[in-house]
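Beneath this line is the structure, given in structure tokens, with notes to follow.
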Amino acid sequence: MVNITHKSPSLRKAIAQAIVKVSSEVTIDAIVNRKVPKGDVFEMAKVAGLFAAKRTADMIPDCHPLPIEFTAVSYEIKGLEIYVMVEIHTIYKTGVEVEAMHAASVVALTMYDMLKPIDKEIVIEKIQLMEKKGGKSDKKKYFP
Amino acid sequence: MVNITHKSPSLRKAIAQAIVKVSSEVTIDAIVNRKVPKGDVFEMAKVAGLFAAKRTADMIPDCHPLPIEFTAVSYEIKGLEIYVMVEIHTIYKTGVEVEAMHAASVVALTMYDMLKPIDKEIVIEKIQLMEKKGGKSDKKKYFP
Amino acid sequence: MVNITHKSPSLRKAIAQAIVKVSSEVTIDAIVNRKVPKGDVFEMAKVAGLFAAKRTADMIPDCHPLPIEFTAVSYEIKGLEIYVMVEIHTIYKTGVEVEAMHAASVVALTMYDMLKPIDKEIVIEKIQLMEKKGGKSDKKKYFP
Amino acid sequence: MVNITHKSPSLRKAIAQAIVKVSSEVTIDAIVNRKVPKGDVFEMAKVAGLFAAKRTADMIPDCHPLPIEFTAVSYEIKGLEIYVMVEIHTIYKTGVEVEAMHAASVVALTMYDMLKPIDKEIVIEKIQLMEKKGGKSDKKKYFP
Amino acid sequence: MVNITHKSPSLRKAIAQAIVKVSSEVTIDAIVNRKVPKGDVFEMAKVAGLFAAKRTADMIPDCHPLPIEFTAVSYEIKGLEIYVMVEIHTIYKTGVEVEAMHAASVVALTMYDMLKPIDKEIVIEKIQLMEKKGGKSDKKKYFP
Amino acid sequence: MVNITHKSPSLRKAIAQAIVKVSSEVTIDAIVNRKVPKGDVFEMAKVAGLFAAKRTADMIPDCHPLPIEFTAVSYEIKGLEIYVMVEIHTIYKTGVEVEAMHAASVVALTMYDMLKPIDKEIVIEKIQLMEKKGGKSDKKKYFP
């Protein structure tokens, strides 16, 4: 685990994305109209994502435990693809990129799990970092 | 959570895949030759995957806790893509598809975390179920 | 921890209740109309309850780890009181009473946490076992 | 999860209470005289409460992880009611009210679990915040 | 993780030991007379051991999750050495040796942590398996 | 739990050691040459140790949760004994001695678990604090 004792805390932000691709418009309708038997997919998957953000250091060996000070989960539907966006902020010595990616992956997996009784062909496509701010190098796209 | 009290246990298997796409042959070489500063990527990510397999019900709301009775993590390198395969077996009333996908995603995220100091452009692609056996419908490809 | 190696598994059910008492009709309206800033209270608290049911043995020293095979969380509003009901089933050697009570308490605490920005006077009342079935003594009320 | 990156840390305290109501003086005697078969109820439940205080962010979706810097669990017996008091301090950007209530609930549930072999009629009454100090509004009662 | 799907469950028992060596009779007296400031060392460490037994698969990569069906923690004082004994039973396809050793180590570490304010020279000696029963080979000593 | 709200954070370091004693040179060879069937013992046990360091407050009742800012696991082979060394740093109000000892014990237990199919006589000897720096009293040996 990288030594960060000498680093100074600063505001760090990250946005990660996961794409959940369903096979039919029927699945999208069931989500939007809250007709999925296991419950409200977007609300339930968000909660799983909140917990996952906080438990990243428990799952990824070299991640430092850090104070997650903001997490937001949002969704955008584009055809048969649902874009999951997770934004995390902290004031700490290291960034929250992996935390955001981990949370996005768990949101996507929860959606998969809730939807598999009604759609057998779901794939999780591209879990990736979209933005980070703070630290040595920004990767600007959303944060002005 | 779906009621499974009335179901009978049987052998259930699942194989899930995640693809980690790196940006340079240098990254592949560092992994294979165990030159990544954080450690042996394949061995360390495997351990994260073993834990993740066992903790799936802790991360995904509707997953039933179940006795993971076998887990194997393997890797295949194809150009700049590393295919992570996770195979899980149980004898229980419900399948281990989400467990295999969850473990595959955590293996991939651990690789991402270990590699990001040396490669800033890694993307995790396609977390998907490859095979399942047991339960109402098989999805045969690897299991004969 | 009580020795249960000699016991035979059988169907065990439990229903536990927690009562969340808010101070104003405005709070009830915000919940029902999904206007609480932190999100959909009933859906989000349900997820916390699902996880809590599964993690009871992690929180209560003498609880045996057991296969939670069904969990349902439901709500009933009576004036300013919200009745949280959690029903859990297992087929195992010991009952799920404490699991149901633990889940009900975490559902109630999540509601408290989500509602405290809009209502400072919430109290959690009566966390209690309502029903159990299976084992030496039933406590019948809901299970026929 | 509420954004707290802009807030300044300060000393925050909270005291929460849970009431465990037993059905007989015999139960009280067994606790006080350490004759409960599962062990010393007050000591064992205190440990469960210490862990619960620290794991609140793991159980309640919107709770921020924070440095628990003091936890005390105490008991007061009034007739057939046992008052569980949990006091928690932190120096952080947000309060520890839910942490104290969560810990109090787990102490009470542990007592319930340890006592149910000898008393079938235990109810957990009123889990509530008694005091908080620091943050926008104090709720003074114990803290001078 | 070793494949155990083909194995049959049977009664498995293990006893493990850890030795906590303190530096002075004063420490022993403080424990026995419950004068250690952090609380009743034997009772509190026992609880930590109960949780540790149940969480072994969460800490040790290749351990299978299994139903812990009995755990007992006992202590024996011999001069300046405290022998911690943890006995665990399960009915499952694999043994509980590592579970017993893990629990014994956590009991010992908890004692160390509670005692270090009053004794700076504590060492944990010999964490070892004393007995196992069931499986291919017994290691008999205590189990007749 | 000791109140540390009034203390100031400073750099704290600890090194703990565990000794894993195997019964044969064959075992040592299998480790060094990565021929142990369960995988690369040193790499896999290191990961278990990284997680254990971070989860100490989850296992030991009175340990404060704290930001682990550096962890290193190293090994030294002396005959049939393998010395496991875990070094942990933090900048916080309390030390990381128990964290280092806990991580060392989990590294040792993981080695035991991975090696027991090929060596039945492994004992974990002496889990002890070797060094600490920061706080009221240093225990100097390695830190200059």
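When the chains are written out, they are named A, B, C, D, E and F in that same order, and each has its own residue count from 1.
As a convention for this text, a residue touches a chain if its C-beta (ideal position, glycine included) is under 8 Å from a C-beta of that chain, and two chains touch if they have at least 3 such contacts.
Values in this document were obtained by computation on a predicted structure and should not be read as measured data.
*Asks:* Of the pairs B-E and E-F, which shows more C-beta pairs in contact?
*Replies:* E-F
*Asks:* When the C-alpha atoms of subunit C and subunit F are each averaged to a single point, how far apart are the two points in Å?
*Replies:* Going by mean C-alpha positions, subunit C sits 39 Å from subunit F.
*Asks:* Can you give the whole-Å distance between the Cα centres of subunit D and subunit E?
*Replies:* Taking the mean C-alpha position of each chain, the two centres sit 28 Å apart.
*Asks:* Touching two or more other chains, which residues of subunit D qualify?
*Replies:* 2, 44, 47-48, 51, 55, 61-62, 65
*Asks:* On the basis of the stated criterion, which chains touch which? Give every pair.
*Replies:* Chain pairs that touch: A-B, A-C, A-D, A-F, B-C, B-E, B-F, C-D, C-E, D-E, D-F, E-F.
*Asks:* Please output the residues of subunit C touching subunit B within their complex, sorted ascending.
*Replies:* That would be residues 11, 47, 50-51, 54-55, 65, 67-72, 89-91 of subunit C.
*Asks:* Sort out for me which residues of subunit B touch subunit A in the complex.
*Replies:* These residues of subunit B touch subunit A: 2, 38, 44, 47-48, 51-52, 55, 59-63, 97-98, 101-102, 105-106, 108-110, 112-114, 116-117, 120, 123-128, 137.
*Asks:* Which part of subunit D faces subunit A closely enough to touch in the complex?
*Replies:* The contact residues of subunit D facing subunit A are 1-5, 57-58, 61-62, 64-66, 92-93.
*Asks:* If you look only at subunit F, which of its residues touch subunit B in the complex?
*Replies:* Interface residues on subunit F, with respect to subunit B: 39-40, 43-44, 46-48, 51.
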